[in-house]
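One structure is given below, encoded as structure tokens.
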């Protein structure tokens, strides 16, 4: 960060949701090789990133796991008009501790007495929590599971709670499944009719029109990049354009 | 006059200083004399169990306090000594009365009133000890030791900061305690008159060795 | 929110207070041990005690979650005696206690180290047992250091967030000022966050004030 | 990763060390002030100093970000003198220093309170200036408390996460062990996280060991 | 023999104890006598600037140290006193030599070698002060005061724990320092012989009041 030079187009600061870090590190490497622009990745929760941007942190690109946080930044006038795009999608899945696999196989099982606690992200802080709650409401079980639901700081904490056997079920993203070893997915939350989970990205006004920022955003839709994200479990929404090449 | 057997027969090393004493005798009060740094305080600390001889035996009134060959080394709290250390060491966070009463848990020997009266502690009782004069502190330390129902009194220049008139009275009182309650004592002082008055055995030390012993 | 705020505040203070009380016995025992003894493995034990300070709170939270979880040794024990800890108020207390302990230990230890052993020795010649010496001599003479440790431990307990939210979650029955402040800042409810920050600051003020009072009394 | 780990470790230790050094002057001055003087507004000042401990780190990070950010008063000042703090290593140092300071102050203060004023008085009769008395009498006699404060401050700096990630981010040039551990746990790189936790624990061990050595020397 | 004017004319209140002294005289050495708790240490502390009179004036050798009506109250470090306090108060974290040299920053009066030789400190020089005997500590405290180039020496029972032979030699030496370097002194002692030997003015105190003054 020391060597940042304002004018040059050889450096990009990308603030990205920590859940994207695995594939994004690979992609950033590829981008550097291809375009010679150094990419520094700042990973944190989307909300932390938004707060930083609003306080004046000079990032060039914002990749959020949460539409609300992108909107916060946009409202603050920090998003370059017309660059906001939905890049990725994800799917909510229900995981249980591996040794209790038989207990849950569909959503109505969650309200039975055999299921103790259910962990979801705190809807106030993480979008996964919002999605999970909406789904439970839609499935008509929210009222009956409500008292069993524990709210966590992030999806990672849901996973940790399930893996350590402290809850009997939890709502995480499909992309998180790569990380688990003592939890097993029992069913995926159907996408049809459900609000779609979107990871928006945008070039920030602070990028001062650097073409590299735009190029990086576009690069996320390139076929080679798509594959990397798909391997990690993401659904890639962005469409690649050829003008970047 | 009552006497008890004393065995002060040990070797103690601290830094470059070696204390060697090999005395066995009967006495009611022993006095330790000798120049500064000759080992007087070291002997009292060894009797109290606060410093540990390399070798030898310490026995007073048929109670073995330390014996290397038997593996005996009573902890200080079982030695039942009433120690007035040279540095006084009043407990700074307690009142005068708190200090005086600290050792009474093991049963009171000298009656509180007479101790307090004779050492003129009454008017100080509620005071904080760091607001006392030097002589007042020493008197409190003596009272604290007397009140702890000791089997032996260890007094390290207990009257150095006390004025002459009081010194006289307190000396008499200490002798009285010794004789009535049959408490033998070991007394350290630079004042020749005190030594002569109080002790029936005088051990003269120099550089950690016994130079002479006298029976008064 | 106002009613809620009162609840959350009282709950936080109660939990932090309870944690501070729970820290006391092991904390003072360890402080005493480290100040007055040397034994093999001492540095290792000291390191273990200080880990909650050195490692990021999230990591401590994860470790506690493992330990107290169904597959952890602590969790199995708790299961046998039928006590539920994780995601209850008890988890709040566990997190606060673990995170505050190293501060209490270090500070109280320095307090004990400042005590002249001569006083303990003289007390021993007066027939006092080790426990009595500790309670009547060492502890009061180390009071400044111990008090500092208690204030630090309590403050840390109050400010604890990372480990708490990991093992206690953010539920109506486990929400502390710290976790509530986090949630407010995350959702951009700045006024609410500010009110709670001021509340926490006021508690700190009272703690500072009381501890200064205690120090002058003693 | 191995090369990276070495870098991150060295960087963390260097930043925590630097922060500890930076804490020293204001920390000892405040500790001395609180130990030896009473003045109006003292409790308020003490509370302010202790806030980084009482408030959740995220909140402190947020406050620092507001203050040092482009639109904050501190940020504008820094802008004028052309110094870049946010998202640089300097922000890491700021976060660590602010978070460690209350621990140093409290502990060192207790150390000073344990010093018998009589020694300071006698030194004064021997003609020593206040500064000389502080350096040659009060500070060395308060050494146990001060050392405890330094160890606590350093450890806290090392474990600092919440405020660091807020104002320094987690960039190649600002990544500390704590923020790296966070990223690893978030992305399920458990082995990596474990290695880093063990590294942090080892540093803590060395710090404990060195501080015990220092204590016996003095 | 040289003499200097002394003004010890002040009132000091501490707790329930009131000290009242109204003495103006010429002397080279003043001795303060009186029972324990009569106010001797309080007077030395007031001269050193460590306790503060309610009212009055303290002046020694034409240097006004305290004067309520003039608003003068020199801080201790400007009073140039060489104080050997009753509680000795060696700096516990320094070596013997460190203690002895602490005050030399303001220019050395008595030559180091002779002080060290006469007080027999040489063999102790590198030792830690908490490993010293009572008498050794007092000698170090005397050396520390002598080495600080004082304008007046304040000695509070400086030889209480020192053996008789050494006491003799040290007394002689202190008298020599006084007479050769023209340093007046205020001396507190319970030993009548010491007082007579060293002082040309004796002030007898009781309960904070002057009972009698004698010119030797």
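Of note:
To keep things simple, chains are lettered A, B, C, D and E as they appear, and every chain counts its residues starting from 1.
To be clear about the criterion, a contact is a pair of C-beta atoms (placed from the backbone, for glycine too) under 8 Å apart; a residue touches a chain by one contact, two chains touch by 3 or more.
This structure is a prediction, so every number in the text was calculated from the model and none was measured.
Chains that touch both chain D and chain E: there are none. Per-chain Cα centroids separate chain A from chain C by 35 Å. For the pair chain C and chain E, the distance between mean C-alpha positions equals 50 Å. Between chain A and chain B, the centres computed from C-alpha atoms are 78 Å apart. The distance from the centre of chain B to the centre of chain C, with each centre set as the mean of the Cα atoms, comes to 45 Å.
Counting only residues that touch two or more partner chains, chain C has 62, 182, 185. Residue numbers of chain B whose C-beta contacts span two or more other chains: 87. Contacts with at least two other chains are made by residues 51 of chain A.
Going by the touch rule set out above, the chain pairs that meet are A-C, A-D, B-C, B-E, C-D, D-E.
Against chain C, the residues of chain D that register as touching in their complex are 42-44, 46-47, 50-51, 53-59, 62, 102-103, 106-107, 109-111, 113-114, 144-145, 147-148, 151-152, 155-156, 158-162, 178-179, 181-182, 185, 193, 197, 200-201, 203-205, 208-209, 212, 215. Within the complex, the chain B residues that touch chain C are 48-50, 75-77, 79-83, 85, 87, 89, 91-93, 102-103, 105-106, 144, 148.
Of all residues in chain A, those touching chain C in their complex are 47, 51, 72, 97, 117, 119, 122, 124-125, 150-153, 157, 160-161, 163-167, 182.
For chain B in complex with chain E, the residues that touch the partner chain are 14-15, 34-37, 40-41, 86-87, 127, 131-136, 139, 156-157, 160-167, 190, 192.
Looking at the complex, you find that chain D touches chain A at residues 58, 62, 65-66, 69-72, 75, 84, 86-89, 165-166, 169-174, 182-183, 185-188, 190.
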